[in-house]
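Note that the chains take the letters A, B and C in the order they are written out, and that residue 1 is the start of every chain.
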């Protein structure tokens, strides 16, 4: 009998000892995942339901995410936008630290669903259809913004957002802004700084465009400056300098 | 390695040994053993007898240290039963094959040998020696689940002897074994006795017990109801048996006369019989030799 | 000390032999089928090869986890009850083997099996990825001799996904989680005899363990709850491990780099927790009547 009591004692003592360690591990995990996974935070009501669902999956989130991926694909093929939306939400809940669901969800919403609405919703007036279509684009934007919150260090989400503003809304200023943010990320593609500048040009903001080129041109290496891609930028800068009639001392390029 | 000196000459010493179990569902307590006093001297062959439910298996478990007494004490060569020192001195042959059925004979002996801290060539040699002793050299590589009851008992004896214990506890060692195998096992027991080992065994086959034991104890309902040497217990006090070899009919008649003259009205004069077992074995052995 | 370790090793080896001969490893074939099925099925659902590989990795590691979990759960749950039921434990514990050595040997034997399974499954998985790699690369390059920058980037991404050394972290964490589940099942098996009960309670602890972090947070903040609710949460957090620590696997599979320091910390936590539970199980088993 005495061994059992000792066992209980050890169990309880260990129970108390382990808790600060667990909290430390959890805090570290939250830091690494930027708070997007790990234990749910203090707000009980809405997060508890999610927490319970995730707990019930018992560490098989990846498996559930795979299932959601398949379901989402099917919903897309069926043009079932409402269900697609649901699966997208499930996907980002399960894997917030993977860009896949944020990217693809927003793409489905802002492009496929939006255009689908435009073409297929026969029971709505053209005006209503445009509104609906625009609503889905906004949903796509919101999705990417949430994704950026969970993954602020990844360039691809900023890039997709920039593309969205560029291609779906024609808002080149916003596109430029996001291309620039994407370029600042460590995993950003090489062409992103150029795109930011081009967007500003397209927006007609010559002054801003020039300010922008002025900012990044000195940071380029000699090799980059002589490459063909940046060669086009050089031409643009020249054009701007002519257009804006800038005094000699303010120009970047020597003739 | 410190050599364990035998503390006393008593292989088993049980004093006021009591064990009660709590029954489930509030049925109270079951008194399995009640104040048992038992002594087995070193070098004895001791038979533990009793009907089912008499407390024999409880006594066995207490001897082996698998359970603890509710009251009283039990010691093996002076060490409390269940301690490492005590268990090192005891070899146990269980009643039914409580052996891992997925191993073959040799592997099982290797397993148990490892538990006795034997290894390497010392273990190999010991296994070989024991397989020879129990006559299982040929069947050693067959899986235990294919063994006959007799083979299982023999491999069981082998594993009980691995660490050369001073006390052997055998639970129904010949139950379900054919007469030839039974004889082999009993010969091994006598061989062990000659080497100074102590043997305690329990059996329902009373003729066999009678043949090998020095002393027996009879248990019933958790208490010892009789104990003593076979001579003390079984000798019919008021009779004498006389055996004569090669008596002619005339000599037999003469003997009857003398006895009648002495006042013995109806003496019993018969031809003694060999035991059926002896006969069976000799006949079987003879047929095998042909 | 070394004698004790030899006995533990003997029991561990015997346990491993037993489960291997019970063909437990056949379950790996089921795992293989799931993987193969998944890998051929997924091709039609993806546009980018990277996505297909991503979900294949998800599926593969989930399958390893699930298969391992089944074996850890059911293998450990019957480890000790089976020995008690078949009475083979008597033959072992009648020898000079300590009870905690028996428990430790049993556990480490099963842990060896789990380790073997994880290695084999992950090896097969890696093999599958290697076999499919050329076809994925072909999908991107279409057999062209010169590739665009975009194509080269994509091919590089695919190769990085497949040969990512950080996936070893995932394996270690899965293995650690299995070891912890096994020791929890062992703990319950020292208290109960019904295999179903042991499996059910272990699964319950497993599920609740994923909520432990939430309970712990609420209890430590103790603003929202007071009174008995707070105590209940506190008790829960004390008794159950934080399985949420293993969620970091999702982070790694998402392609994010997790430092080895954090992974080692988690492994250490699991290791110490397992040893503590093993010790507690040994303590409980010490008292157990057989």
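Keep in mind that, in the parts below, a contact is a pair of C-beta atoms (placed from the backbone, for glycine too) under 8 Å apart; a residue touches a chain by one contact, two chains touch by 3 or more.
Keep in mind it's a predicted model, so treat the numbers as computed, not measured.
Contact topology of the protein chains: linear, an open path with no closing contact. Among the inter-chain contacts, the highest number of C-beta pairs connects A-C.
Central chain assignment: C. Criterion: smallest distance from chain C-alpha mean to the mean of all protein C-alpha atoms.
Greatest Cα centroid separation from chain C: this falls to B.
Each chain gets one centre point, the mean of its Cα atoms, and the points for chain A and chain C are 33 Å apart. A separation of 49 Å divides the Cα centre of chain B from that of chain C.
As a whole-number value, the distance joining the C-alpha centres of chain A and chain B reads 81 Å.
Every residue of chain B that touches chain C in the complex is listed here, in rising order: 61, 64-68, 84, 87-88, 90, 92, 94, 96, 98-100, 102-103, 107, 111-112, 114-117, 119, 159, 163.
Here chain C touches chain A in the complex through residues 38, 45, 51, 54-55, 57-59, 61-62, 65-66, 177, 206-208, 210-214, 216-218, 220-221, 224, 237-239, 241-251, 253-256, 258-259, 262, 265-266, 269, 273, 276, 279-280, 283-284, 286-287, going by the rule given at the top. Residues 1-4, 6-7, 10-12, 14-16, 18-19, 21-23, 25-26, 28-29, 32-33, 37-42, 44, 48, 51-52, 54-63, 65-66, 69-70, 73, 95, 97-100 of chain A are the ones touching chain C in the complex. Looking at the complex, you find that chain C touches chain B at residues 3, 6-7, 9-11, 13-14, 17-18, 21-22, 86-98, 289-290.
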